[in-house]
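One structure coming up, written as structure tokens, with questions to follow.
Labels run A, B, C and D following the written order; every chain starts at residue 1.
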Amino acid sequence: MITDHRASVREFVERPGFQQAIIAVIMLNAVTLGLETSQSMVAGIGGLLHVIDRTVVVIFVAELALRLYGYGWRFFRDPWNLFDFAIVGIALLPVTGEFAVLRALRILRALRLISVVPSMRRVVGGLLAAMPGMASIAALLSLILYVAAVIGTKLFWQIAPEHFGTLARTLFTLFQTMTGEGWPDVARAVMAEAPLAWIFFVVYILVSSFMVLNLFIAVVVSAMEGQVMAETRAEEAAHAAEEQVANRQILAEVQALRAELADLKARV
Amino acid sequence: MITDHRASVREFVERPGFQQAIIAVIMLNAVTLGLETSQSMVAGIGGLLHVIDRTVVVIFVAELALRLYGYGWRFFRDPWNLFDFAIVGIALLPVTGEFAVLRALRILRALRLISVVPSMRRVVGGLLAAMPGMASIAALLSLILYVAAVIGTKLFWQIAPEHFGTLARTLFTLFQTMTGEGWPDVARAVMAEAPLAWIFFVVYILVSSFMVLNLFIAVVVSAMEGQVMAETRAEEAAHAAEEQVANRQILAEVQALRAELADLKARV
Amino acid sequence: MITDHRASVREFVERPGFQQAIIAVIMLNAVTLGLETSQSMVAGIGGLLHVIDRTVVVIFVAELALRLYGYGWRFFRDPWNLFDFAIVGIALLPVTGEFAVLRALRILRALRLISVVPSMRRVVGGLLAAMPGMASIAALLSLILYVAAVIGTKLFWQIAPEHFGTLARTLFTLFQTMTGEGWPDVARAVMAEAPLAWIFFVVYILVSSFMVLNLFIAVVVSAMEGQVMAETRAEEAAHAAEEQVANRQILAEVQALRAELADLKARV
Amino acid sequence: MITDHRASVREFVERPGFQQAIIAVIMLNAVTLGLETSQSMVAGIGGLLHVIDRTVVVIFVAELALRLYGYGWRFFRDPWNLFDFAIVGIALLPVTGEFAVLRALRILRALRLISVVPSMRRVVGGLLAAMPGMASIAALLSLILYVAAVIGTKLFWQIAPEHFGTLARTLFTLFQTMTGEGWPDVARAVMAEAPLAWIFFVVYILVSSFMVLNLFIAVVVSAMEGQVMAETRAEEAAHAAEEQVANRQILAEVQALRAELADLKARV
């Protein structure tokens, strides 16, 4: 009986209508949370926005409960369900005191669109598939960032304390340099006292750009591999299969011929 | 009779000479509109520039009328014709009061070069063909921009109202950050009061760069697919076809042989 | 007799030793012209640098004269020779008064390294080969730059005359924006008076980035086409040729078989 | 006997346990060197950090000595061993007076992770493999940078001495321009006095971007060549081999048939 209930719950939550209703709720919530950023909106219709927000949370919790009941433990096997679970969970945490920042993170619920809309799910799936190929280069890049940060802090902490005063500050400065933003100002400030500091900046920029380039290439190659070459190979495999059929046909024909010849020979 | 008229009008507007005359008119208009940006030119030959501008509009309207007459309703099936229609339409709108900005948009007529010159038409056609492949990632990027903007406004609107004061302002700041321009100044201003704000900036930059990279890859893959691989596959398909012909020839030969052998067997 | 002379001159200028001597002279000149940028060097050994510079010009002229004599009119058929000719020609122009800037361009002689060193010649040849594929997109990008400049000047010349005052100034501002540099400062200055100006900037940045991206892709595709795919296709063509040989062999064998069978039939 | 000793030493240093211990030591040292950048840490546990640092150096020297003993001269044939040797060598140099900067370079020991962890070794190996393909374009880019620096210094040293005062300063300014950072400020400063200076900046930016793009393409093409196409070709080669087997089989069958027919003919 329970299994029947569960099956009918599953059938209900997988209906297109149900999915579309959830998408509508997510988008409504995204809009109300956007409106909440405006002071005049909060002063005017803040009560309404709050009611909608609470209602949406109730709907999300009810939806998750239905799916949990419907799928049982299997629910936790799909990583997208864990994603939904975590995002809805944030909404239920207390939002006072130190956790006030969580109020701002409520908008992360809008990311549930990704798990609900199949085409977005595919795109994100594709992006995540490129991750493993990037892992080694990302590790190398982190190592280089750390090494450069220790050197930079050691060398320049007295010259430019606002950029190189602590390891954390240097890491931020080097991340900024990696995005190619505002580094000449930093470099000139340091070079005013340590003229050879250009070596540090030029080497770091060349090495980190080369790493970022390779990170980038890893993604391009993985995308090429996945999309372009797959088609080419599929076509080629199809040609090869056709070819094989043709060859087998010829072979069978020739072998039949030989059998008949043997037969003829026996008669002669 | 009307059909004859129409056919001869079509034949007229498709003549290379007519097309070249239109190209010349477009370029002349582009130059006069450029000259109009100079105060001294307007003071000197403003009257002449105005006369040319009016004449060009008359020519464009006449050309469109001819093509409309020549092609009838079919005219509206070609999206490039709609493009021409819209651009010429702007020229006929009133340009006073609130619509004064439309005076500046008259130069959009120069874009008619794209619809008239076939090689440019092909390039733009190729660019538009890459669009559908970008749609899902662009939607995802917009979602992330919106989510980050709501979080940023909620967290920093009091700390840095000039960058995060309203949702619109934050969207502009985050677009600016995405182009990698001037973000460290913004980040340092915020971090002076909220030291952990670097998490927001670093996560946003990494995620949005990764998205832009993938948008970019979608275009590269689509171009590769379209240009490079198409040739490779065409060549391969040619080889496969040749191969098939050869195999059929062998098969036919072997089958003929078998028929003769059967014939021989019958005789023996 | 003259032909013999010419042939021996050609043989002389094509000797590796001669080429290496010219390379050495080019590099020496590059160094002396670099030293000339230092005031203290000019004060100390300015006379020597001047003597070397004059001597190098004499050597270049003599070398060109030899090659002109050796190859006759054919000399002008190789574009690299025209390049050498133009660069040496600059050295012979008067360098006083308005042409003083040409003194600075003498260092362009160092670019003769490209025409003399074969590996550099190949690289530049490869780069130039990618140009035609870029022409249409570059033209489109120029058109868009021009249209945006006219619109920008018309709309903002009063608000921000230092960036949008004249068409030339706006073109520079938009080129700067295209390189992604310092545009938020410009945009914020304009938006202070015209709040909707963000539309202009965002549309321009999106369109021009997309164009630059496609320019870039045109180069990548051309490089791929030239290098990677060429090898793959060559290999495939080799496989196809092998295959064809095998098929012909089988066909010949089968046909021979048929001939023998016909012979047998005739005997029976 | 010695050979036996050496073999057992080799066996010892190649044990996974030994390698993991070395990785742990490297990471411990990376952390302590990071902690040394903090003034409060040095004040608190500076003595401990120093002891760990000295101990780590002793361990590294001992490890190198073991490997040197184990492999003899062969040790120097692996470039990674030379890398380890150089990095440990830095640790043994005096760190007083002019060499104080070497104290900061001690963190380079953390890069030993690359030589010890096989996956990182492979990544760096792959990066280095792309280098030769970049050499010609990098040389060309350096040549262009030098030529532009000489021209820039000659033309602008009086106008903007802080950016173009000496050849070295101009090289730094042009490197900065190549990274697309802060060039409009430099350009506007120069253009205030030399209005045509925009030609220099625009030409330099276009040429250097095109070069950097091609440097980049060289790396992409090499990666494609290495990873994507290799698989495609391997698959194709496999198809071709299969095909060849099939063709040989058919040929053998047909030849056998012919032999039997000859036999039959002989009997008739």
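Note that a contact is a pair of C-beta atoms (placed from the backbone, for glycine too) under 8 Å apart; a residue touches a chain by one contact, two chains touch by 3 or more.
Remember, predicted model here, so these are calculated numbers, not experimental data.
Chains that touch both chain C and chain D: there are none. The two sequence copies chain A and chain B touch through a face in which the numbers common to both fall below half of the numbers used overall. With centres defined by CA atoms alone, the chain at the far end from chain B is D. Averaging C-alpha coordinates per chain places the centre of chain B 39 Å away from that of chain D.
For the pair chain B and chain C, the distance between mean C-alpha positions equals 28 Å.
Multi-chain contact residues of chain A, defined as those touching 2 or more other chains: 180-182, 220, 224, 232, 236, 243, 247, 250, 254, 257, 261, 264, 268. Taken in their complex, chain A has these residues touching chain D: 136-137, 139-140, 143, 146-147, 150-151, 153-155, 157, 166-167, 170, 180-185, 187, 198, 202, 205, 210, 213-214, 217, 220-221, 224-225, 229, 232-233, 236-237, 240, 243-244, 247-248, 250-251, 254-255, 257-258, 261-262, 264-265, 268.
Within the complex, the chain A residues that touch chain B are 30, 33-34, 36-38, 101, 103-105, 107-108, 110-111, 113-114, 119-120, 122-124, 127, 172, 175-176, 179-182, 216, 219-220, 223-224, 227-228, 231-232, 235-236, 239, 242-243, 246-247, 249-250, 253-254, 256-257, 260-261, 263-264, 267-268.
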